[in-house]
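Here subunit A shows up in two complexes: once beside subunit B, once beside subunit C.
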Partner chain A sequence: MSTSILQVRDLHVEFNGVKAADGVSLDINEGEFLAVIGPNGSGKTTLLNLCTGYVRPKSGSIHLDGRAITGLTPRAITRRGVARAFQIPQLFSDQSVLDNMMLALAAKDGLWTMVRPLAQPARREEATALLDLVGLRDDKNRVSRTLPEGHRKLLDIAVALALKPRLLLLDEPTSGVSTLERFSLMEALMSALRSRNITALFVEHDMDVVARYANRVLVWNAGTVMAQGHPDEVFKDERVLKNVVGVA
Partner chain B sequence: MNAIIPLVLDTLSSAALIFFAAVGLTLVFNVLRVLNVAHGSFYSIGAYVAASICAFIVSRHLNPYLSFVALLFSAALVAVVLGPLIESTLIRWTYGKSEAVQILITFGLFLILEDLQRMVFGVQSFYEDTPMRLMGSSSIGGVVYLNYQMFLVAMAVIVVFGLRLLIKHSRLGRLVTAVVADREMAQSIGVDTNKIFILAFSLGVFLAALGGALAVPTSGVAPGLGADTMVLAFAVAAIGGLGQIEGAALAALIVALARVLAIYFVPSLDAVAPYAAMLIVLLVRPYGLFGAITTRRI
Partner chain C sequence: MRAILLIGAIFAIVVAPMAAPWLQFVLTMAIAKGLAALGVAVLLRAGMISIGHAMFFAASAYGVAFLARGGVSDFGLLLVLSVAITGLAGAVVGAFLIRYRAIFFAMLNLAVSMVFYALFAKLYGVTGGTDGMTIPVPTMFGIVLSEPTFKAILFYGSVALMVVVGLAVHRYLDSPLGHALSAVHTNEVRLEYLGVPVWAVLLVAYIVSAVLAGLGGAIAGFAIGRVVPDFAFWTASGHLVLVAVLGGIGGVPGAFIGAFFLELLHTEAAAFTDAWNLIVGAALIGVIMFLPKGLYGLLTRSEVSAK
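And then the complex of A and B:
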């Protein structure tokens, strides 16, 4: 039996009277790759914002490994082992690809190493290894704002991996990526997750990607979980086909 | 030739002290975007503490060379005690506020610190020149010159290159740059931005206090030093371009040259010369020598 690493219980959030989460409860199990699908505006990104501290719930609780993280700051949640890759990649645009990686690797180090060089050989090696993993080694000296969108997405994911998370939350990892690059990005991502034993939740609109890579699918609609289960079962559900798959 | 050598040496040593007065102000503005009017007080507190410790060393007949350690120790002490305390209780609340609010709050802090100095150190002047006497003098081109003044120039050069190295290559400097570029992004990768701000502010306090401590053997310390330093530091920061460390170094040279030329040729204009230099530079380059036009967020 798999262990739940993230427990969400009875979450309520609303923005100007619109319910983005209306009593939602869910678990994310260790080692799984959980896809969250749903129509635009249904509150999928809000779920990620709640889990990473960018939005506070009106009521309800979120626990990571049994410890409450509800209401903690994004920095505190990152330090507890939750990393996030954004729909629009969040990078230090004027820094090189390698420097973005090294900053993420160095972010949590202690006070006493503050005056030591950022580009320590071991850190540079670790950053290069991660860039290798997502296929960005050749771009390592480029300034990140000059990268094509697909590569910026990969770098954002690599930065999140550099934080050594237990749980990685990805907001539409394949949006803005060309059809040709989409599956190679997902293969690189899956290989990185497997090799580092990272549990992941990803919000996605591309049903081919969901069907091929997710272990479990959670269908989010109007702030509630409409259905959940293995992709094969979920994609046969009439309500899902009518309300979500057709419009997602 | 005999007239040029002392002019150059006087300009360099004067520029070193002026640079120390301004570099912390410009660093704090660069990182925290705060115009700290109380900056001059850290300079004078550094001077008072250094003078007191040096006087203690002399009075107890301790090794007089300890007075050099005392100069550095005083600056570190002031930075460690006042930096985190003032940043976390007062300066933190001014981030993102308008310059007018920042100036009002830090001016209030300046008044408090000035009164505290009068309460602790009194209103008499302190003069302690042990480090300068220990270093002796040299003859350069037939002109006898104090080695301590060359030491000040060397210290300023070390600080310029040291700061550049720290900001461009160290983990602290790179994290500071990252926080300045995108605070939210820095937080999302787990950077403790509060700690970074405390460190950056304390470094600014250290540089100001170091300037004050190093100035004690040449000019002593008296009430009003903080206000004089603050005005001069703002002039230098304005000439160099607020936030520019290399700009502060060049501006310090310009201000020092203006002042030394005035002392040599029109002594009555000594006090006016730095500000005349500032006016001329700002008329030609309104954002300073190294400053850039920035867009104001509305």
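And then the complex of A and C:
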């Protein structure tokens, strides 16, 4: 039986009376690739915000490897091994693609021991290898704000991977990525996750991507988990077909 | 190419007072203001404008005056102690102010600096009020120096300090900590999600900027031989921002280029007219309109186009 690395229990949060999480409990098991699907505005991104400390729950608890992380800051949770890629890429737009990567690698190494220049040969090599993985090698010297949206998305994912997380939370990783590049990105991502033993949760609207890559699907609707299970089972569920897949 | 130009410029600064002795004081003051403007430029990297850094410039000069009054006479000791005190003041003030951004950060720096100014001006019995305090010629390794000898040593020492401190700040800005500082400007959220404590990045930068302003203030105090409350007045802080923007924040030399340009322009313009501020203002408008990266941007631009 696989071990649960993230345990969410009876989570409640609401914004102006709208319940984004209404007594949610869930587990993320080590090594799995868990997809979260649901209509727009159902609270999927809020789940990521809660798990990373960006939003504090009204009640309930979140444990990482059995240790409570409820109420910790995003910084503290990141340092415990949870990384995040965003729906709207969060980059250092004035810095080069390579510098974005090297800063992430330096942050992982511990910024305070770093008095030497950012561009160490080993760090540059590691950053270039990760950029290679997501197909951004040719863009490495470009200032990140000049990248097309799809490439910014890829860089955001590469930055999260540079943190060598145990758990990676991805918010719509394929949105903004061209149809042609979508599956090659997912293949590269899956390969990176497997080779680095990274567990991942990803919010996704593309059901083809979900069906092909997720080990388990969690259906989020109106702040609750409507269904969960293997993609084949979930996509046969009438309620899911009617309320989520048809509109997601 | 840029390195050759900078080495040439430093050589010119070193030999200039031999041809025109009056330049020695002007250039010493330019270095003092350049160091303080570099402090302001460090914070500008994070998109934070301080209109109050003259408080550290003044605090250090007053520090020298108080230490001298207390019996410390060695130049090196006076410099190190006064700058250390300023660094400590920077840590205390910075711990409160780095929580704020944009106009709030600028205005709170201004407010705190005016508190410093008021204390220097009103505590007559301690600070001498608007008359200020004298800074006597210090000794060096126990040797009593004549004033001209000390001023010459101060000038050449300042040039050396400009080079050493400039290289150290360049190294700092090129380190992960320096890159994180620029990253505060563009995306604080991502920085937190990298596990980087933004408050610590900013506090280190604030202390570095206070120390740089303190170094400048101590040199200015030694060069003038007196410190007055006007050292901390808000227009002096504004002047440091002006120097930093004029020179450009793209690199360490920018602050010094701005300081030399402004000091020399001021000296020359003041010789012709009382309305020298008009000339300085016109020069600033020209730089902002045509050189958004400041005067230093001219150097980097010519280098890029030469590639």
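The rule is simple: the second predicted complex is superposed on the first by the 241 of 248 C-alpha atoms of A that agree within 3 Å, B and C clash if a C-alpha of one lies under 4 Å from a C-alpha of the other, contacts with A are read in each partner's own complex, and residues count from 1 in each chain.
What we mean here is this: a contact is a pair of C-beta atoms (placed from the backbone, for glycine too) under 8 Å apart; a residue touches a chain by one contact, two chains touch by 3 or more.
Model, not experiment: these values are computed from the prediction.
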Superposed partners subunit B and subunit C on subunit A - clash or fit: clash
Which of subunit B and subunit C A:108 touches, first, second, both or neither: both
Which of subunit B and subunit C A:212 touches, first, second, both or neither: neither
Touching partner for A:75 - first (subunit B), second (subunit C), both, neither: both
Touched partner set for A:95, first subunit B, second subunit C, both or neither: both
First, second, both or neither for A:56, with subunit B first and subunit C second: neither
Overlapping contact positions on subunit A, where the subunit C interface meets the subunit B interface: 52, 73-75, 78-79, 84, 90-95, 99, 102-104, 106-108, 111, 114-119, 159, 163
Subunit A - residues contacting subunit B, complex: 52, 73-75, 78-79, 84, 90-95, 99, 102-104, 106-109, 111, 113-119, 159, 162-163
In the complex with subunit C, residue positions of subunit A that touch it: 52, 73-75, 78-79, 83-84, 90-95, 99, 102-104, 106-108, 111-112, 114-119, 159, 163
Complex contacts: residues of subunit B adjacent to subunit A: 166, 169-175, 178, 181-182, 184-193, 195, 199
Subunit C - residues contacting subunit A, complex: 171, 174-180, 182-183, 185-187, 189-190, 192-197, 200-201
